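Look at the two complexes coming up: chain A is in both, with chain B in one and chain C in the other.
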Partner chain A sequence: MSTSQKAVRPLARCLRSLQSQRQSANNFRTLSSSARCNVEAVVDSTPEKPIFDPETVTSIKGEKALMKSGILPIGSRRRRAAIKSSDNIPFEQLPYLCFQEARKVLQEDREEKLKLIATERLRISNMLARDPSTFKGGVLEKETKLSSMRRYLEWLKIQADINDPLIKKRFEDGEGDMNKPIYRYLADRKWREYQRKIIVQRIEQFGIVPDFLPHFEPTAEVQLAFKNRNVQPGEYIDSRVSEVAPRLKVQVFNKGERLVTVVVIDGDVPDAEKDRFGTRSHFIATDIPLSPTDTSIPLSKVTKEQLVQPWLPPFAQKGSPYHRLAVFVLEQQPGQPKVEAEKWAERDNFFLKSFIGKTRMTPIGFNMFRATWDDGTAGVMERASIEGADIEFKRKKVVALKPKQKARGWEARHASDKYKSLRR
Partner chain B sequence: MASHSSIRTMMSPLLASFRSLALTPASSNVPRTTSLLNSSTRAFSASPNVSFRGGPGGGGGAKKGNSKSKKGGPAKDPRIGLIRYYLQHPQTPRPLRFSRTRALRHWTIHRAWMLARRKKLEAEERELYRMYQSMHSACEELRLLDAPGTKDEGRLYRIAMEKKGIFGHGGVPIEYARMQTDTPGAEAWNHGWTR
Partner chain C sequence: MLLPRLQPPLRAALTSIARSAPSGSQTTCLNDAFAQLAIKSSRRMNGAGVTFVRHASHKAQGAVNKAKDGPGKRLGAKKSGEQYVIPGNIIFRQRGTHWFPGDNCAMGRDHTIYATESGYVKYYKDPEKNPKRQYIGVVFERDQVLPLPRNAMRRRKLNMVAQKREQPKVLVQTDLVMEGDASTGVVLKQKKNKERKGEEGRNLRLRPGYMYRESNWEIGRAAERAQVTVREFKPRDRWTAWRKATIRKAKNAEKRGLGRKIGSKK
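Moving on to the complex of A and B:
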C-alpha cells in the first residue's frame, strides 16, 4: 500500500460509511463495486489527522492511539472489522427473506390487535355512558363488566407488542420505558422467573408469614443496598455496614403513582424476663411517592414529614440467635389519613399485623437481611446510645429430672476412646 | 452396578462399531480427550454421587468402563464417561450459537411461525364449527317444515336422518363381514374361496 493511499484511508472510510448509510436507506444492494467511484475524486485533497472510531478501529496502531486517549475499543477486533465492512442497515430492514416475511406476518397481527383495541375502547366508552339502571344487576354489574373489559384491553395492549423483536431487544438492554404496559409486563415476567421465587422461599424458610404477617404475596420487587453493598435476601450483614439506613429500589409492575410506607422490623428481640422473643421496629416512613419509573427510595433521605421512626441500627446482643430484619413496603390507600408519628413512636412490640389493620395498607414488597453479634456491634450500639452491649445471652441449663443411667451393653463395651469414631 | 455392567456389555459392540466408524480408531489407549476433560467444567451428569476427578483416564469410561482406576477411588459410572467422551470429542460439532441479531431474527421468525400456525388452526376449527352449525340449522328447518297434503309434519327431517346407504348401496359394515373374535383366525385369508 502506497503512502498516499494509507494517508487517505480514514477519510475514504468516512466517506464510505456516509455513502453506505444513504445506500441502506434506499435499497439493500450492498455488493455493488461501482458506487465507490467518488472515493477517487477526493484522493488528492489534503490528508488530515486520522480519527479512530472505537466501534470500527481494527489496526493495532489505531487501537493504541485510542487507548492512549482513554477510549477502549469496543468488542473484538474481528467484530470491529465486521462492523466496518458492513453497512449500518437497521435491524428491521435486514435483507433476509424469511425474516422479512415473518415481520410482515407479525405486523399484520399487530394491525389486527390495534383494531381490536380501538373497538374495545369504543365499547368501554359506550358502557361508561350507559345508565346503570339499564343493567339487570345495577351498578355492580356495570362495574364488573367494565373491569373485565379493561382487563381485556390491557391484555390486548400487551399482545400487540409482545412479538416485536426491537421491544424485546430494548427490554433486554434495560432501556424499556416502564410507563408502557409491555415493558412492565416483561419486567414482571422476568422478576417472577427467578427473583420472586427467592423472595417467596425466604418468606417460607424464615417463617415470615406466620411470624410477621398472616398471609403475604409479594407483587413488587424490592432490592436492598447499604451504600454500595447490595444485599441478597436473607444475607448476614455486618452491623457496621447496616449502621446507616439502606437504599431501597422498589419496582412496581402496575401503572400509576402511589404512596407507600416502608417498615423495617426486627422479629427476634430476646425477652429474657418472659422467656420469649419479641419484635421491634427499626424504621417507619410514610407517604413516599412511588411509580414504575421512579423506583429508588433512599431511606436516609426521607423528609421529616415522611419520617415516623428514624433508622435505629440493627443489633444483636452476644449469644442471641440471628435476628431477622424484615423490610416491608406497604401500599397506602389513595386519600387515607396520615399516620401520626406520636401514635407510632413506640419501637418495642411493634406488630405489623396490627399496624396494617389500623392504617388499612396492603403489603406489596418484601426483602430481608440478618444480623448477628460481631466485632462492630458494641461500637454501633454505643454510637446509637443503645444500652445492653455488655449483656451476653446464655442458654439456661435444663436439669434432667431423671438421674443419668449407667452405660450398659454395647455402649459400656465401647466406652473407651478407641471407639470414638463409632460414637454418635 | 449390575445394571451398569449389563448396559455396558450390551453397548460395547455397538460403541466399538461407532467408534471405528465415526472417529479415528484409537487402538488401545484412551483418546486425547483427557486434557479437554480436565479443563472443562461442563457437567452433563445427572447423578450427583459420582464425583468426577480429573485424573488421567478420568473420562475414559468408553475404554475402562466400571473397572476401578489404579489410583483407587470410587468406580465411575460408565455412562457418564461415554457421554463425556462423545460430547467433548473434537470431532463432535460445536453447539449452535447465534449472535445477538441473529438470535433476534431467529426469535422473530419463530414467533411469526407460531402465530401463523395458531391462526391457521383456529381458522380450520372455526370453519368446521360453521359447517356443523349450518348443517344443524338446515335439519332444524326441515324438522319444522309443514309437509304438503296428508303427509305428517317433519317427514323430510326423518328421511334426512335415515342412515341408508352410508356403507355403500346395499352394503353392510365391515364389522359384520366376519364373526367378531378376540384373536385373529387360524387361517388369516382363505385364498381358495369361490362363490
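Moving on to the complex of A and C:
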C-alpha cells in the first residue's frame, strides 16, 4: 500500500462515518409539510460505487475490489468483523483495571530497556573511539567485542518492544513497518513457524541439497506466483501457465538494501546419449535491489542491464520424469563486480555450485515448482522455438539375467498355433 | 428329654450325609455334620463345586511347550557384494530390518531389500546417516564406492531412450457408405446405425468356444456403458415398494385380461 493511501485512510473513514450520520438524520420524519431540504439535491446524485474500508471489509467481493485497487485488507476476516462490531476503544482507555496495571508494568520494563539501549550505544561509541592497540588481541579483539555488543543492542531493541500489545496488534494487522527491528523479528518468527519448515522439507525431499548445492539454509522467504496463480513449493505447474516469467515476493529479515541475483534452474534435463540427467538455467538476472520493505521482484519486468538470461519457458518432453525448477535468490557481496552476460550465456549444463563459487554470492532464498509433459507443452515449445517436442522418452528394456524357462506340461502341449485362440 | 425328641430328624440327616459322601466313621463330630448341612443348602443353589488338583507331571509355563523348530524360511543374502543385479532382483531376505535399503534399493512389504536400478550390489555402513544401521546399495560401476561423500551430488541414470513421439491417430468415423463403381455410378448412402445404446465400439474377438464376443468383464460393464441407472435399493422403503407392487399388479391384471380376451375369441 502506498503511503498516500495509508495517510488518507483515516480521513476517508471519518468522512464515511459523517455521511452515515447525516443519512440517519435524514431519516427522521419532520413535522413540516414541505419537502425535506435535501430531496431536490438527491435527484442528480448517481449511484456511487461502494467504498470498502480495509479495516472492516468482510465480504469476499469487497476484499477482491480492494485488492484490485492495490490495498490489502488488514489482518484476518474474523479480525475485521470484530473491528466492525466493537467500539474500538484504544488500549489506553479500556476500562479494565488489571489490563491497565499490566500495561504500566510493561511500560516500566520498556523504560528500563530504553535506558539499557542508551548505555549500550554509549559503550559502543566509546569502544569505537578506542585505539585497537590498547586491546590485548589487537584489531581482532576489538571487532569481536564490537560485534557482540551490537548483537546485544539488537536483542535489547527487540526486547524493548516485544511485549507491547499495540505492536502485536499492528503486526497481526499487517501494518508493521519492516524497517523496524521488532516487526522484522516478528515476521521472521512467523515465517519460521510454518513456511520455512515447508521449504526445508522440500529441499530435503527433492534432493535440492546434494543436487543443486552442497548445503543451504534459507534465510529469506520467497513466494512465487505466475500472474494470479500462487505456487505452493513443489507444485506441478501447467506449461502454459509458466510460459511467462513469474513474480517473486522476497521478504528478507535483516536490515538494509542489497542487490540480489535470481536464478531459475531445471535440474532434470534428460540426456539420453550419456544416459544421465543434466541441468539447464532458465533465467538469470543480477543486481536486483531488495530491502525488507521493497519485496516484489517481477521477473518479467527486469531491465536489460539486469538481465543475463531471459526467461525460457520450462518444458518437459513426453515420458521424461518430472523436472524440478528451482528458483534461487542469491545475495551479492557489496561492491561486487558485475556478472558478465556473455560469460554466462550458455544455458545447458549450468551448475549453481560453480556459479556461486565464481561470483561469490550467498544463497538466501529458495522456492520451486515442477513441470511435466502436458497438453500445452508442444505449443509452448513451438512458440519459444525450442526443438524436441516430437521426442518421446521410453524406458529402456532391462535384459533379464536368466533365460526364459521352457514351457512344460499343458502349455507345451498347446504351444502350436492351432490353439492360438485359447491363448490370452 | 430334648435329646430323644431330636434324635429321629438328626439321624435322618446323618444318613443323608453318609449317602452323599461316605465318611470314615459314624463317630464324626456332630458339629461337622451340622456344618455340612448348613453348607449343603447353599451349594445346591450354586451348583456343584469343582476343585482342581495340580500334579507335578506337566509343566505349563516356561520354555517347555514352545513351538518346535519349523521349516526354514530361506532367509539371508540372495546376492553377494559386487554381484550384478537388475531392477526387481531380490538382494536380501530378512525378518525385521537387519539391513536397510541404501542407494538405488528399496524395501518390500516383508523388509526384503530389492534393487531399483541395474548395477552392482554394495553392502556398507553410513555413520553420518545413522551410526547403527547397515545398508545395501547398488552402484552403476563396479569400482564406485558407497556411501557417497557428504553433500556430493547423487548419481542418477536416465535409463530411457529418446524416440520419435507417436502422434495419436485421429480416427474419423463416418456413417457414409459408398456403393457401386465407375460403370454403374456411385451412390452414397448413410449407413444405418445398428448398434444399440452402450454397444458402440465393442471389441468382438474370437474367444474359446468359437464365439465372437466381448470378454466377460466387458459384458459386465455393458449397463454402465449404456448409462443405465437403477435407483438404489433402500431396505424398508415401504412406500416405493408399495408403489412398484401396485404398478406390477395392475400390469399383470391387464395382461391377464388381454389373454382372456384372446382366448375367448379363439
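Simple rule for what comes next: the second predicted complex is superposed on the first by the 314 of 424 C-alpha atoms of A that agree within 3 Å, B and C clash if a C-alpha of one lies under 4 Å from a C-alpha of the other, contacts with A are read in each partner's own complex, and residues count from 1 in each chain.
FYI, a contact is a pair of C-beta atoms (placed from the backbone, for glycine too) under 8 Å apart; a residue touches a chain by one contact, two chains touch by 3 or more.
Not measured: the values here are computed from a predicted model.
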Chain C versus chain B on the shared chain A, clash or fit after superposition: fit
Touching partner for A:209 - first (chain B), second (chain C), both, neither: second
Partner chain in contact with A:60 - chain B first, chain C second, else both or neither: neither
Partner chain in contact with A:276 - chain B first, chain C second, else both or neither: second
First, second, both or neither for A:98, with chain B first and chain C second: first
First, second, both or neither for A:129, with chain B first and chain C second: neither
When both partners are placed on the shared chain, which of chain B and chain C touches more of chain A: C
Partner chain in contact with A:168 - chain B first, chain C second, else both or neither: first
First (chain B), second (chain C), both or neither touched by A:412: neither
Minimal inter-chain CA distance - chain C and chain B, angstrom: 12
Contact footprint of chain A on chain C as seen in their complex: 84-87, 89, 118, 148, 151-154, 156-166, 206-208, 210
Chain A residues within the chain B interface of the complex: 91, 94, 96, 98-99, 101-103, 105-106, 109, 163, 165, 168-169
Residues on chain B engaged by chain A in the complex (per definition of touch): 100-101, 104-105, 107-109, 111-113, 115-116, 119
In the complex, chain A residues that touch chain C: 207, 209-211, 214-215, 270-272, 275-277, 318-320, 389-396, 398-401, 421-422
